[in-house]
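Each of the next two complexes has subunit A plus one more chain, namely subunit B in the first and subunit C in the second.
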Partner chain A sequence: MIRFILSRGLRAVVTIFLVVTFAFIVLRLSGDPAMQILSVDAPPEAIAAFRNEWGLNQPIWQQFLDYLLNVLHGNFGDSMREGRPAMDIVLEHVGATLMITLPALALKIVIGIPAGIYAALHRNSLADRMTMMISVAGFTVPSFVLALVLVLIFSVHLGWLPSTGNATWKHAILPIVTLGTAGAAILARFTRSAMLEVLGQSYIRAASAKGLIWRQVVTGHALPNAAIPTVTIVGFMIGSLIAGAVVVESVFSWPGIGYLLISAVANRDLAIVQSILLLIALCMVCANLVVDLLYGWIDPRVRLRSAH
Partner chain B sequence: MEPLVSIRNLTVDFDLGRRVSRALRGVDLTIGRGEAVGLVGESGCGKSITWLGILGLLGGRAKVHGEAWLDGRNLVGAPVSELERVRGKRIALIFQDPSSSLNPVHRIGRQLTEALKLHRGLSGAEAKAEALRLLDRVGIPAARQRMNDYPHQLSGGMNQRVMIAMALAGEPDLLVADEPTTALDATIQAQILDLLREIREDSNMAMVLISHDLGVVAENTDRVAVMYAGRIVEQAPNNLLFERPRHPYTRGLLNALPDLEGPREPLTAIPGSVPEPWNHPAGCAFAPRCDHAHGACHSEIPSLARRDGHHLSACLRTEEMLGHMLDDVSDREPARSYA
Partner chain C sequence: MTDTTAETGAPAPRTDLQADPVARGPLARFFENWPLSVLLALGWVFVVLVVAIGADVIAPYSYTGLDLSSRLSPPVFMGGSWAHLLGTDELGRDVFSRLVQSIRMSLLIAFFGTIIATTLGTSLGFLAAHFRGKVEALVLMLIDFQASMPFLIIALAVLAFFGNSLPLFIMLMGFNAWERYARIARGLTISAHEQGYAAAVRQLGASPWRTYGHHILPNIASTLIVSMTLSFPETILMESGLSFLGLGVQPPMTSLGNMVGYGREYITRASWIMLSPALVIVLTTLSISMIGDWLRDRLDPTLQ
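Moving on, here comes the complex of A and B:
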């Protein structure tokens, strides 16, 4: 078990390192922040001074080493625009993002999983076909299209809900519904196929042959087994709690991480972009780690294999 | 012998969307209390679905018709709640692939006590003690440790013993063992068959031993029914069936068996293959593969008729061929090697 955790931990560190390196290099190569922040027609002396101040005139490997050393000391750099610690700015936006992604996650789980289970248990019924039709629509329609449709109906037409900003709790409803719908659709489909796969196994027939009533077969022998693959996708959703709302936040001008990321990229505010990417990578990696552990907990085959 | 289960004209149709496929075409079979009956035939002839159909385990696409009497009640068409009380308790099933018949995420002990709670109302320490006793009974060493194991930690043979223990939990009147040893290697196969015989000797439980191998049923049953393409084509007490097989199909199966004592001869498998359910011949289903088929065989369906005593055969030409066939078989004297 210890070895299992250590090896996964090491893998997580390597993943984060790669993300950070990749982000750093791509950002440095894709444009000069000095031009963006000071505007193109700033005097050359001002640009030179700016570049000197932010270390942009040093060789890229030197910049990268400095950056890594700073990160190891918990210093993630300052925002070029606001002149204060980038991570502080990023963390200030996390709350807003979680305010929509957490309820959306709850929505996905509460709707998606039962819908998938129901559809699988009533395979080929009208309810199953309807669920799958809605589900296909739910994840083929891009989220910005869904967002616009919802805005058109509930803000423009009916005038029930505001469409942009975050002034009241009502502002959160449309972003939450947009995020939740697509996720619930994916989860419903995934749960359904996991359930169908399990229901086709010999041990399900054997459990019925033993004399268990169908409800006991489903709760005791189908759901626990179908939970194994479903945990993976839920884990992935948890991992994207911070990164998963970029599009929706932009559409609804919701001041979360995604919104900050878009503007930071546009402004070439390197430290902010890097801090966000680091945070996202951290979330993904942690969620993956938790999924791996959970997997071992639910599936004895995995647990016992990794014990050796 | 007092009948336990009487099957009359059992049919099973699968609704495949575009067409309906008739997989079972009128099976008649009676199992007496405490009797051991072999059900033999090539793969796909309907051995498994006979029993799955009666117990309502084939799913919604299967339509089962006919009769299957148990204690004066017809199980075909009976409400699910009634079938649930029969499954495991009156008629228990064990399957071909024991390792996939057990749920991989639950411990052996839990799966066993689940059956004990269901059929005998046992729980807690009582259920655990009885589970240990059953594991012991089916010859699982270190039963206490095995209770905490998962199926994948046990060998196929051990898992089949667990399945048998689980079947015994309901103290059934009939155990249907559906190719219980097909997935196991030869020594383990013999051990499992010995175990089943032993259990029957001290419990008076009836058994249907399903196999595609006549050799397996020869030593472990009192009577054999041979199935072909959804019907029983011959049925007789073991000694009669092996010494004087009537149906050309049975003879074909016997010829395909290795002769354990005589000189090694090449096996003569029956040429051709079983007709698909949707491509069923008009007359005798075996006629296209039969050396003796002629005229009426291709248009008339032979019924399973009693020729003498307990020997039933569904062949139009039985009488004509009797002498010829008996001569043939006595040349090889296969009976001695199986009996």
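Moving on, here comes the complex of A and C:
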């Protein structure tokens, strides 16, 4: 078990390092930030001072080492626009994002998992077909289209809900519903196929054969086994709590991480983009790690296999 | 699949297994192999392909052509004139002509993106399976990296900082989902080596190039094609999402996502500008995924 934890932990660290390197390489080699921030016709002295201040004159490996050291010390650089620590600005926006992604996650789980289980237990029924149709739509309707259709119905035609901004709790409803319905559809489909897979196994037949009533077979044998793959997808959803709302935030002008990312990208604010990349990577990798460990804990076959 | 649990209240066995296929007419048997939904999907994909190929012939106006005398005119079914089938936008540009051009652009990007991703992923998968050891560890590490970061975030960073041009954008879409092909190619190649036919041709003196190109690739092609049909719609969605955010295809060129993004500004006054491209995105991705699911069930039950 310890070996299993160590190998997964090492993978997580390597992934984080790759993200840091990727962020550095892409963002530094892609152009001269001094020119972008100060505009081309700024006086040469101003450009030189700027380059000096941000360490842009040093060789690239020196910049990379400095960057790594800074990241290890929790120093993610200052926002070039606002002149204060980028991570502070980023963390200020996390709350707004979680305000819509957490309720959306709850919505996904509360709707998606029961719907998937019900559909699997009543395979080929009308309810199953309806669930599957809706869940296919969840895969194929892009979130910005769903968001705009909801705006069209509830803001433009009915006038019940505001379409942009974050002034009141009412503003959060449409973003939450947009994120929640799409995710619930995906989760329902996933849960259904996990359930069907389990229901086809011989141990379910054995449990029925030894005389358990169907309810006991489902709760005692089918559900725990179907939970294993479902944990993965929920883990992934938890990992993307911060990154998963970029498009939706942009549609609703919701001032979260995604909104900040888009504007930082437009302003070429390197420090902000790097901080967001790292934060997202950290969340994803931690969630994956937890899922991996959980997986190994729930299902002994996994940790035995990977120990070899 | 088992049907022995029926008495205990378990899920009902599949009805199509119970019915005797011979007892029913040829039409019923035909629809069993070719479900109506798949036929409709194939029909829609065919229409979209024809539109994409013949865009210049089909479009009644130039997609950048302005007609300032009929700005924001509604489509025919909302009381507009036949001169502009799907209405016009704020600059009087014909929505139908722009839609046709956008379909071509979006399909083109998704097509090349998928080709690049398949080639890249399959090659890396082959490399990993061929050399094993350090090369494999490196490829697996890259796969881990790609799978652990949301691609939208990576794409945003790359696009905004490298600036944007169409070739770069298509290349970028080629990095979407490559890791899936790499995983499949690696896994299947390793099992191909265990099956012995690969070892046999190698013993006969075939070069690695020949072993992989002539023997292993044809054997794993059906699985790869199925994953291509399944990830093609995802590439369309990624492209339209980025274009919607204004970071994908740049004006004056247009794609389906661009049109929706532009139409968002006019959602209260002229919702038709965004509705028709949105509908095309949904129908196209839906159709291709349905065809992909159907192909998977027919060709490759292992991918479930």
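Note that the second predicted complex is superposed on the first by the 302 of 308 C-alpha atoms of A that agree within 3 Å, B and C clash if a C-alpha of one lies under 4 Å from a C-alpha of the other, contacts with A are read in each partner's own complex, and residues count from 1 in each chain.
Definition applied: a residue touches a chain if its C-beta (ideal position, glycine included) is under 8 Å from a C-beta of that chain, and two chains touch if they have at least 3 such contacts.
Everything numeric in this text was worked out from a predicted model, so none of it was measured.
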**Message:** Quick one: is A:Trp160 in contact with subunit B, with subunit C, with both, or with neither? Answer first, second, both or neither.
**Reply:** neither
**Asked** When the two structures are laid over each other on chain A, which of subunit B and subunit C touches more residues of subunit A?
**Response** C
**Message:** With both complexes overlaid on chain A, does A:His221 touch subunit B (first), subunit C (second), both or neither?
**Reply:** first
**Asked** Which partner does A:Lys210 contact after superposing on A: first (subunit B), second (subunit C), both, neither?
**Response** first
**Prompt:** If you stack the two complexes on chain A, which partner ends up touching A:Leu261: first (subunit B), second (subunit C), both, or neither?
**Reply:** second
**Request:** Once the structures are superposed on A, label A:Trp297 by its partner contacts, choosing first (subunit B), second (subunit C), both or neither.
**Result:** neither
**Prompt:** Between subunit B (first) and subunit C (second), which does A:Met284 come into contact with in this model arrangement: first, second, both, or neither?
**Reply:** second
**Request:** Kindly list the residues of subunit A that each of subunit B and subunit C touches, one partner per complex.
**Result:** 205, 208, 213-214
**Request:** In the complex, go through subunit B and note every residue touching subunit A.
**Result:** 52, 55, 57, 80-81, 84-89, 92-93, 95, 97, 100-107, 114-115, 118-119, 150, 152-153, 163, 166, 170
**Contacting residues of subunit A [partner subunit B, same complex]** = 201-203, 205-214, 220-221, 224-225, 228, 298-301, 304
**Prompt:** Mind pulling up the subunit C residues that touch subunit A in the complex?
**Reply:** 1-2, 4-5, 8-12, 14-15, 141-142, 144-145, 148-150, 152-154, 156-163, 233, 237, 240-241, 244-245, 247, 257, 260-261, 264, 267-268, 271, 274, 278, 281-282, 285-286, 289-290, 304
**Message:** Considering only the defined contacts, which subunit A positions touch subunit C in the complex?
**Reply:** 11, 14-15, 18-19, 22-23, 26-27, 30-31, 120-125, 136-137, 139-145, 148-149, 151-152, 156, 193, 197, 199-200, 204-205, 208, 213-214, 217, 240, 243-244, 246-247, 250-251, 261-262, 265-266, 268, 270, 273, 276-277, 280-281, 284-285, 288
